[in-house]
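Letters A, B, C and D mark the chains as written, and numbering starts fresh at 1 in each.
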């Protein structure tokens, strides 16, 4: 039933978006996260601008469509974003998953497709995994550059 | 219901039989056994004749009526018995408990009162405890005297 | 004073109707061992096993999703009942497994010279688990002394509290005397004098009436609390513990298996965060759902009224037994049930063995428990090997007390009459 | 050839009627995780909780006596099913707890330099338990290599077997590939070349059809065998292990608490004989009774006919999937189900994630499991992170296979179509 909505065209499109796939040659920070339930894996590379905005982002994802879509959307909507916006988006997406709705930052409205995942609690982790990896990668970069917001 | 039979007069009489209560001054062997379920305790002292018959037997019992009766009956029926008769009686009493009937050695017919305990599996250990202590005391005596049957 | 009606309360427990149908006298005074099961619990479990049986946390199909949600909803119900964050509730197979998980996990940090203080009124579950796991690390297990009534001797405890004390294992309510420990008071004393100590509380006998204590678990000066569903109108096979997450995060898991890992390889395995870390393997799913139903049922009760009712019955029974003129009857912990005490009446009558009393009382359908109640050190404190315990719950009535008193008198007559 | 009728078999499982009433498509292909529950199991547990709820081994009253007898009768049923002495059956909360009890108990005798061989096709429960408990004693945990199909590589194993090997941990049937280990053959080889090794077998996936093996457990060259009721048409929250008494007698208990002691004091605690030593605390009483009912139900079945039916379905499914022309589909362990194999069809389709396949299949009521199946080393052996598993039981039908195949095709179309 709601699986129908789950795999809507926008989601599949976001998952297929290969524009940020791969690895960065010289990342400021990287992180790999895996999902203990299914073994899925995502590796994220980033660079941070001096003002701490996300200047470059790539992901290498061995995972389901939901995780891929989430990783893809991060690329298409959050490259250039401030740390604050990233955190806000992460929180808003979590809320969308838990409650089926939530106020997403304007730039990140695309994540609204994940409202269809609400009832599928086993899949929440799939959507959030890229955010966790991103958060860790940002920490990694800040630790390496000694630059913290 | 069958509790009525359980506490029959013969049982209470056997339990009250104090003739073998207490400790021996110079036992050949001794053993203390306790019941992990209720904490009950029995200590048995024995002496063995050169032919390995049970020449003296006493018990010190902090236990229920069933255990006391069993310890009392051992005194009144098995003093003077051979090791074989003791083992046979032990086995026959176990069978009486498990099946409600069994062929007791002629000298040990008195243990037939324990047929009423059959349905009360939680109490089987109470009846058998004195036999276990007796078996250990015999082993103890044999180990000390270097005399084994 | 109280509007609590025990006969109406019985309607929640199908055992009464079943025993009536069987024509069996039924005076159940063994709720301290296991309470009867409430109807909504039996129904919730049968329904789950019929309609939504599937393993949890593993699959994305409808049945697994529903089973997982029901299982996690049970965790929410428990968290709400005890006022804890949901992530601090670990589901276990019972109090015993819970205490062993805690003992193993906390013992990891122990070394020779460290002290583990264990209240001497504890159930074996809160003694032997420390003997096994803390002793393996070289820690010393020392009993906390008791007063003549079997309560914690606060002066003695105060003298034992030092920097070296790493663990203090307490029982909230003794399963023999019913005496309740003032966790605020004792916990604060421990915090003040033994700042390195984690405080573990066996809540098996207090969890059924948690609302009585009018506090959230995390607001007490304690660190862990364990209980079992089968003493809370719930099923066997399930229990839980609450633990502070900062402590749990440093605890290694006692049980390794599915679900409790982040990744497994022969080069090294990573463990998940609590509570998952401590929930290895397929959990008792249906039972957790039954536990949730039981605690949902408990949440709706007037615990104050029920406790007043229970304690009135206990006090009557204790007073009547203590007054048996020619007999040497001891009520373990004394006959005063006026405060800080759960309705457990344990007694010893010189010359009448508890097993014989219980067996004879069984003739009239009076179900009591005789033995050491898995509290041998406490029995030893009272100079006894065993005692008889009548433990009372909301569904008991004055009629049950009369039946017990008569049955005990008959038993004494028979046992002493010869 | 076989007179087994899966539709008639469904009458034993109330889930089918319930789903029909709810109007819900129901193609349950997740029995490898948890089977459905048989009607007599649900009934036995509700009846016990209603009429005979009491704690076991503790009281002498009617209800406790009946509960104890029912609990011990369940042990007898298990012993008869597996052909073991009753005293060698230990009731646990499941396979995972069983394996941890065994791992802890056997690890007591280990020291640095000792080797523990762990088959790489094992479920995490039979890997992590050794990593936790044997590694604590300094033993080395070494994987047993696998053939390309995921079976134990016998030559590699032969080369690993020495006097230093103290433990060999095997899985009777892999929960991913369904491949069955010939315990007679492998066990004899281990006995011959590693005479100091205890052989532990995870039977979670084989216990449901034990009569197929036509042997009593003690007659096999193995020492321990563990399983869970929830994979045997029984309840969650209970399992068991069989162990040789001479080995069990020397094993210390993982869990300390009530019932498993001879006496408790602060000067020292004595442990009871097996099986009691390993059954600390209130056991999963109602669940053990449900387990007994499940195994009683299993005892009456024609396992050969059921297995033939199951394997026919598995072979069809595997062959159809393997034949999907344009897709790169791997059947883990190969598509040959003609012998020594349980009906578990795990597959991977390049570019289609198992979670997506399972989620999409759920639309048509097809319940499969996607993930690493708690067997990450085996997944790694196949070069995969995850796979989709359809696991089949007697109540499955050709219609279920058709539904699964169609659902998988639809999922692929959707996932590949963009």
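The rule we apply is simple: a contact is a pair of C-beta atoms (placed from the backbone, for glycine too) under 8 Å apart; a residue touches a chain by one contact, two chains touch by 3 or more.
Every value quoted in this text rests on a predicted model; they were computed, and no experiment measured them.
Common neighbours of chain A and chain D (chains touching each): C.
Ranking all chains by how far their C-alpha centres lie from the centre of chain A, first place goes to B. Once the centre of each chain is set as its mean CA position, chain A and chain C turn out to be 45 Å apart. Chain centres here are Cα averages; for chain B and chain C they lie 37 Å apart.
Rounded to a whole number, the gap between the C-alpha centres of chain A and chain B is 76 angstrom.
Distance between chain centres (mean CA atoms), chain C to chain D: 31 Å. For chain D, the set of residues touching two or more other chains reads 58-60, 64, 259, 261, 263, 355, 359, 362, 370-371, 376.
Contact of a single residue of chain A with at least two other chains is seen at positions 37, 39, 120, 123. Residue ranges of chain D in contact with chain B, taken from their complex: 57-60, 64-65, 68-69, 72, 259, 261-263, 272. Listed in rising order, the residues of chain D touching chain C in the complex are 14-15, 18-19, 22, 24, 28, 30, 33-34, 36-37, 41-42, 45-46, 49-51, 53-55, 58-64, 93-97, 99-100, 103, 118, 120, 123-125, 127-133, 141-143, 228, 230, 235-238, 252-261, 263-266, 269, 280-287, 355, 358-359, 361-362, 365-371, 374, 376-377, 380. For chain B in complex with chain D, the residues that touch the partner chain are 34, 36-37, 39, 119-123.
Chain contact summary for the complex, chain C toward chain B: residues 353-356, 359-360, 362-363, 370-372, 376, 379, 385-386, 414-415, 418. By the touch rule above, chain A contacts chain D in their complex via residues 1, 3-4, 6-7, 9, 12-13, 15-16, 37-41, 62-66, 120, 123, 126.
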